[in-house]
Amino acid sequence: MEADRARILLTCVDRPGIVANVSGTLYRLGANIVELDQYTTAPWGGRLFMRVEFLLPGLEERRGELEESLHELSESWDIEFQLHFASQRKRVVVFASLADHALLELLHLWRNGELPGDIVAVVSNHTRLAHAVSAYDVPYHHVPVDREKKEEAEKTILELLEGYRPDLLVLARYMQILSPDFVRRFPNRIINIHHSFLPAFVGKNPYEQAYARGVKLIGATAHYVTEGLDEGPIIEQDVARVTHRASLATFKQIGRDIERTVLARAVKWHLEDRILVYENKTIVFV
Amino acid sequence: MEADRARILLTCVDRPGIVANVSGTLYRLGANIVELDQYTTAPWGGRLFMRVEFLLPGLEERRGELEESLHELSESWDIEFQLHFASQRKRVVVFASLADHALLELLHLWRNGELPGDIVAVVSNHTRLAHAVSAYDVPYHHVPVDREKKEEAEKTILELLEGYRPDLLVLARYMQILSPDFVRRFPNRIINIHHSFLPAFVGKNPYEQAYARGVKLIGATAHYVTEGLDEGPIIEQDVARVTHRASLATFKQIGRDIERTVLARAVKWHLEDRILVYENKTIVFV
Amino acid sequence: MEADRARILLTCVDRPGIVANVSGTLYRLGANIVELDQYTTAPWGGRLFMRVEFLLPGLEERRGELEESLHELSESWDIEFQLHFASQRKRVVVFASLADHALLELLHLWRNGELPGDIVAVVSNHTRLAHAVSAYDVPYHHVPVDREKKEEAEKTILELLEGYRPDLLVLARYMQILSPDFVRRFPNRIINIHHSFLPAFVGKNPYEQAYARGVKLIGATAHYVTEGLDEGPIIEQDVARVTHRASLATFKQIGRDIERTVLARAVKWHLEDRILVYENKTIVFV
Amino acid sequence: MEADRARILLTCVDRPGIVANVSGTLYRLGANIVELDQYTTAPWGGRLFMRVEFLLPGLEERRGELEESLHELSESWDIEFQLHFASQRKRVVVFASLADHALLELLHLWRNGELPGDIVAVVSNHTRLAHAVSAYDVPYHHVPVDREKKEEAEKTILELLEGYRPDLLVLARYMQILSPDFVRRFPNRIINIHHSFLPAFVGKNPYEQAYARGVKLIGATAHYVTEGLDEGPIIEQDVARVTHRASLATFKQIGRDIERTVLARAVKWHLEDRILVYENKTIVFV
């Protein structure tokens, strides 16, 4: 049945008829809508966002027909469409550094069949996690990042990625800042986990910052990477309680649990085509 | 604009075309869909649930037309429809006993314009809260409940309610069990707040039960009242943490905060026509 | 029994013997320790914090004796002591502006006997809440704040406060920034509720800021007021989930619920002498 | 420094002098109290519970002295003592079945140095997790459990355990009910994770039960195992939100995350000697 499953994400200026025409088109093609979620910032002139998940029997052979119909709709109603096929599992490359918790969480979920995509490679600026990754039969690429020669490292990575044709890059505590040039190549296709409740504690050492400030909750934020550091659209956030007894080490231990969970949710939603980005915010259809 | 706003809640056997036909009908009438949420337990033969909120210019004069169109759809597609008009604010009667927190929360939200309905009366088996309620200009009816003569009390209440024509009864810690006969008159139209995480601690003194069991979280559950005690469809639940230091009195203090919040959410969702009931479960479109 | 109840809060450089000498002294006086909680940042040379709650039969007549014993301990061990008597209920003045939720929560808890202190007056720069407060038999003082003449307003307030001899000032969404001069008069005795998860969204319009940033959780922070805006020691924080559907108005509605709860917890802990402040952080013994 | 670290857990009838005498004794021995937490159910005659963590320089050589002092205290004040040495890391045997998440969490934390004890063996009634466990260099014992011959399996396990001298058994989704005989050998030394918010959904298939009931939160409960099924003292509980969209499979996925976290917390607290059991409830000093 996954072969017949597809999803549409769309946005346009709000006006009457969008739902009727999109669902009508799908109906005429013989599709059965499994889930439809629509949201409008303001009727008549605001922004409309919509996600449709549907089953179209014989989808494989009828892709052209479907794409053409949507193209026509797009033209006549000025709609921006994304069409995703469940059978085209997204290819994910995970970036890690020394900490293993976020990376292992994704590998573990993937092996258990809980991620609707495939982790095709791991890139790290260290060798430490190579052994742990090998248990999952995923290639591990060690690309050291010399502070003086960041460009070279990125060039190496880009060459690597060419071979993998990734749909999504996940920074699972990668700890390296990617250049604007690099980021621009993957718009809304790089997810980072920041270990604070953004926009609090942007940048380096957020746990140290949180500890110094004496907060009573610590958090983690999964967001799409944009050129501004930690300023991209937020996908998901969560927090956990800490007390005055918690040392900095405890902050980090507790934080790891939130980080991996928040990142896993964000990655899952991306792979299920549940996220639209508009004006640096996310619309997450869950 | 509220005069033009309406909501449809529907359920039927899942098959292709439901969304297309409902949204198509609304489009032909000139309506603008503000929010549509659809969910299917299983495609082709499972159960489909849907909520549509829309604006139909000149709705007041076009009600007949709208109702007729939906009636036709209902006939040809075997759909169970509910049609609600935002301009017909639901009439709510709140039942209370001695505790004020849940009742005052509802009155407070209502006065602040945060409840899209109207509290038209309060019924209590005690006089204690009469003064507090008077500050909100809502009639307070004291109907004592004699354990031996419950039927009489219910009869008195039913007569009272006739005058108020309520759309919803809310048991805000009423502490009296309504008879099956009474309950049957208001199917899915009585909301109760039970002061435990159901189905744990059904019945009397749930905090005492929770305290005796040594739980580490206490909860509250808002549900529709059915004939089986505390067995109706759950609308909303929440919990709060307690430690071994918490006395029974502290359990109750902490609990009050969750009770009022959980009840307020459930009542609000009901008044916004966000809840469908099917096979003793709720579908809550939020 | 409340007449015999007292609490000690203390801090000193960590070294062996502090617990033994303090508890030994109390034992010799005939006191029964009800609750003792001690915490050390680092043994031998770090900072030690401690709270003891105890019952001393005939406390009323034996205060002098108790105070003298603690004074001796303080001298020989270089301990900073606070001694609080449960029978000396703390006097609280609440400051409000236009929003009622935080103020009413405190008044409601107080009337229900859940605040171990007394609200002796309400000060507001508006008249709006005078009626609501009158139901609680608490004097309401309207002190308008003219942006050009802030000093005058503060002078009026200070004169008012003289009559009330408050132990604690609570800013329940007061929305006015107090001058450094004012703040210095009440060190660690002014609690403010800030409507964001500090240090995110310092200053004005935090909900607007949070909405613009597209966060997925909104928060509230209770803190002691210091001269730096929103920079004082954090006492308590909490958050609630929001989605892309939540409008700015919804942010504020959801936020009100957290604000009042977080503020109430902080005020309660202060009145129960559970909070120590050290280097702009709080130690909260709960 | 860990070599000098010890912890006392004690309980007795409440009366004045317990803290003073225990801390006085430690002081005279030269110990520095790092953390002391004391709690009384009711002063004069209620039950007193206390945990002290301290550093005693040269503890290794002075154990006899310490034990003797505590023994004397125990005699004269009728106190039940537990004395634990941080240097005697507790030996843990983990029991698992087919699901890996709870087991792997413990192994992962242990390898990261976040569990103050040692996992010395894994016992499973299946072979499935043998490979995963081998990566952690922990012996894996496959002891099949034939429904007709449970006793034999338990006998095999008991023989195995003899070699390991475990301080703690952890049932990480073991799915087998241990006999009363087996349980009695390890009083308050077997921790189980039950995949529901106890006492809701006792026994088999709690997620199926929760799904059928239509709850809005699912939970997990870590408790000590006693002879009554799922009736032992609760150590920790937590919950996560589910909606009507969540399938039974989703319940289980979401649940796994809470299960492992709740179990890990309970095991950690046990290994840090933070838990006292009294009348089927736990006092958890955190």
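Quick notes
Going in written order, the chains are labelled A, B, C and D, and every chain counts its residues from 1.
Here, contacts are C-beta pairs under 8 Å (C-beta built on N, C-alpha and C of every residue); 3 or more make two chains touch, one makes a residue touch a chain.
Each chain and its UniProt protein: A, B, C, D = Formyltetrahydrofolate deformylase.
Since we're looking at a predicted model, the values are computed, not measured.
Relative to the C-alpha centre of subunit A, the farthest chain centre belongs to C. Fitting subunit B to subunit C on C-alpha positions gives a rotation angle of 180 degrees, to the nearest 5. A straight line joining the Cα centres of subunit C and subunit D is 36 Å long. Residue numbers of subunit A whose C-beta contacts span two or more other chains: 35, 39, 245. By the touch rule above, subunit A contacts subunit B in their complex via residues 14-21, 23-24, 26-27, 30-40, 43-44, 55. Those residues of subunit C that touch subunit B in the complex are listed here as 35, 101, 104, 108, 114, 132, 135, 245, 253, 257, 261.
By the touch rule above, subunit A contacts subunit C in their complex via residues 39, 49, 197-201, 213-217, 219, 233-239, 243-245, 280-284.
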